[in-house]
Amino acid sequence: MKTYKLVRREARPDPSIIRLSNGATFGGDVLAICAGPCSVESREQIEATAKAVARSGANVLRGGAFKPRTSPYAFQGLGIDGLQLLRDAATRNGLAVVTEVLDPRDVEMVAQYADMLQIGARNMQNFSLLREAGESRKPVLLKRGISATVEEWLMAAEYLLLAGNDQVVLCERGVRSFDSATRNVLDLAVVPLLRALTHLPVIVDPSHGTGVARLVPPMTLAAIAAGSDGILIEVHPDPVNAASDGAQSLTFEQFDALMSQMPTIVWAAGRQLPTATLAA
Amino acid sequence: MKTYKLVRREARPDPSIIRLSNGATFGGDVLAICAGPCSVESREQIEATAKAVARSGANVLRGGAFKPRTSPYAFQGLGIDGLQLLRDAATRNGLAVVTEVLDPRDVEMVAQYADMLQIGARNMQNFSLLREAGESRKPVLLKRGISATVEEWLMAAEYLLLAGNDQVVLCERGVRSFDSATRNVLDLAVVPLLRALTHLPVIVDPSHGTGVARLVPPMTLAAIAAGSDGILIEVHPDPVNAASDGAQSLTFEQFDALMSQMPTIVWAAGRQLPTATLAA
Amino acid sequence: MKTYKLVRREARPDPSIIRLSNGATFGGDVLAICAGPCSVESREQIEATAKAVARSGANVLRGGAFKPRTSPYAFQGLGIDGLQLLRDAATRNGLAVVTEVLDPRDVEMVAQYADMLQIGARNMQNFSLLREAGESRKPVLLKRGISATVEEWLMAAEYLLLAGNDQVVLCERGVRSFDSATRNVLDLAVVPLLRALTHLPVIVDPSHGTGVARLVPPMTLAAIAAGSDGILIEVHPDPVNAASDGAQSLTFEQFDALMSQMPTIVWAAGRQLPTATLAA
Amino acid sequence: MKTYKLVRREARPDPSIIRLSNGATFGGDVLAICAGPCSVESREQIEATAKAVARSGANVLRGGAFKPRTSPYAFQGLGIDGLQLLRDAATRNGLAVVTEVLDPRDVEMVAQYADMLQIGARNMQNFSLLREAGESRKPVLLKRGISATVEEWLMAAEYLLLAGNDQVVLCERGVRSFDSATRNVLDLAVVPLLRALTHLPVIVDPSHGTGVARLVPPMTLAAIAAGSDGILIEVHPDPVNAASDGAQSLTFEQFDALMSQMPTIVWAAGRQLPTATLAA
């Protein structure tokens, strides 16, 4: 059999709901609001960001400690130190941690710090990494490859489930296109399309999906309206000086303004925002 | 000067609002709700559709009389007879008419029947047609070419304005992609992007943008949330037997169900639906 | 029937050969070598170019009098004056003329000056233009649309044949892609693919296909090796100051150097170069 | 510094030449002819193939022991047993071995069997794998990612050189496109483009580049004409029953026929074929 079966909608009586340790959920009535910097840069940066996004209503902290960078000369992340900083900042602010793992040898180690392992777009078909993450018991956030078809993406998820891990969330983050007006084309139609094809939750990353900070708020609202189970947004205390992805990061104020626009659209979509975290 | 200037946001103090004869507007607080069949097929078909979409809250009737078809053996439309049927059905139901013109020689004639001339995706860079439509005084709906950049699209609009016609509405209808899971990729991020670049209104066509009827309702809601000034939706009394585009057409019931979901999202987006048309 | 039939390989016992008035052929053993400027700019420019390319071995002169330009502010061509200059320069140098027609109303007029009507990439699905060119008795060079599938391209050719004109040559000129390293991606595999699907000849335009002058010679050789029935190359006396497409135009010297490399590859491909033109 | 520097053309006085243990070279006057099955399936299959391709003039044997497959249910390769079979077959026939490594933990092990490590399209930005292969002393064949820009591809090569391995060959294998008429679009213009940008050799894989066996011979000839330093072709004793990629594999007879067409085009391109291998 050469097509997916474990991820198919028909494989489960109900859509899957993935729960993280702090109570954040992906796939139920309550949306997952994941926010944080592209890269963990310092204790001050990640602490301030965690506090700010928690206060604005996020329940998951994102941040990269191991960064996949096109150039070997670009900032590659703080590694284990970054993981520790991320964990500390999240815990202090009642947030769960989602962070990327790049190497199959690092899965166990990253899993000690994270509540959810992110497999990035470049690694969607890194089958060694998928198998290793599949053997972990940690929830996995599986980003769509930069030019992956929906079929290929679901097949990548199938690797995870087949290896024993059914705590999988899909994340649309834009596909490569011919127009440089935006970094990628955010393909929101996959949200309702996946709803019919799979029981797995799907969230949207409008930061990578557009690459332009001012497009992030409207595309977040659009994602919710399309039925997304959550969002993943880059927030940074000082985007202009960010070590990576500054052009697409929101400031604390911009993120807070966006979160204040959310209740009506979330309500219109028949969903709920997470309740306030401990620190908020 | 090789870039656009008349369509630039800075060229006008305020965003443009395009008004059709029945009071429908594109670009103001009130959304334009354009609905109807891909092709006008018969008096019965277009009458029934006009009545149904008007009752559900549409204010513009779409329908093709001259059809651009990939195959010369596919249905090419009813021509002038189709225009007359469309006009009659629209007028009887208080709707305005938007319909495609394919040939520069037909612009004047089509303008006698239509309230708004559609220039389709295949003709976005048909400069003879753009010039002729630019010399008409009819509002123009300019669809994005199937792989047009935002820059090229705005340049096509610039041809219209330069020829003297500033009653132009842009319509996102999906771009060509590598994944056959949907017919096109609906690029909703252009909605807020264009808001910053141009004073022209922009609407979204989720029917061509996805090619799949069940994806049309969620993508309509997403388009509204992203800030679209209106929608263009294919509706047919019997999609399975439609002469063209049946797979992406909504039934009357599906369109009505979608329209009943609209008020909350429209309100959340800070916009309004058109008031009931005369016949509704 | 919704697929092509007149253009199918099986519709003819042998591959079609299209002959122009000066003896140039597309589709037989002898290649068609089409060269000239993007735009006709002046008598001096087109005369000098015609003389140079004829001397180097070209047998068809290309040059635009009506230019489809993304921007309405870019040079739009000399119109009828350009056609006359092109005709004069070609005749004096024993060359045939291929030139683009943009508007269905101009087909008859352009046909008075040209030996072959070019339908450009932007107009591949301009069905009014296809029908009008189909009713002309002039050979037609049908360029592939910028993101046209092979199926759509053959369907466009079918419009021409169905309208009565079977003197049709296909021209691959690159498709739109995500990488700005070249202007387009030259899809040479369509050459052998089309050989199996259709009896129509196919030539290659490496100038638009790459957009970079230094890539034109190697891609010309590659096109011949892949089985192309001819080439279409932009040549200009002073590319740096060309009114359009300077970056992809060869100088006279570069074109002559390329032509001197051709005999061995043409021989290796089992084909022949055209014999010297009258003026050469 | 965020751009490549070690791979730049200007970083070396001369283009790099990569030599394998049996004398095969990439980048000099003599082309590398790499052929073999997609997957190693059995001793009989790989022995027969090695013997056949060596006799026809190949000097490198390709074959996968670890297969990256979209579906977890598809054949995943024979693993170490496959490596041993591949090594034996190559050695007996005077061929070098190129084979893919998928996991950074396998680099050292695969390097014991292979003369050249292949990093496949899906792993072009698997930075852990690049670093590990960079620390190996084995030559690396770096395939272009399925929608990688030339800049991204060169950056991936930069990772290898920066880690200490300058024995790197680039391999164009087609990019993803909108047209399903071929599996990918073979982007031959990158061959001359890379010649100007980097000192690294570049070869072409027309099997993956087209996905259609009958297009492989003409595109091989086109690749040579464009200046490719070699070719990588799938050959299988029984393509119809191949465990993977049968549709794009040549039979022994087809490969032999192609090789008999090579001398004239290779000569026209100013290059040479490898001299007969020991076993041939």
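Each chain carries a letter (A, B, C and D) given by its place in the written order, and its residues are counted from 1.
Note that in this section a residue touches a chain if its C-beta (ideal position, glycine included) is under 8 Å from a C-beta of that chain, and two chains touch if they have at least 3 such contacts.
Treat the numbers as computed from the prediction; the structure is a model and nothing was measured.
Among the remaining chains, those touching chain B as well as chain C are A, D. Chain A and chain C have Cα centroids separated by 49 Å. Mean C-alpha positions place chain C and chain D at a centre distance of 35 Å. Under the contact definition stated at the top, the residues of chain B that touch 2 or more other chains are 147, 151, 176-178, 180. The touch graph of these protein chains is complete, with an edge between every pair of chains. On chain B, the positions that touch chain C within their shared complex are 1-4, 68-74, 102-105, 122-123, 125-128, 146-147, 151-152, 155, 158-159, 162, 176.
Those residues of chain D whose C-beta lies close enough to touch chain C in the complex are 147, 149-151, 175, 177-182, 185-193, 196, 209-210, 212, 214-215, 218-219, 221-227, 264-265, 267-269.
If you check the complex, the residues on chain D that touch chain B are 147, 176-178, 180.
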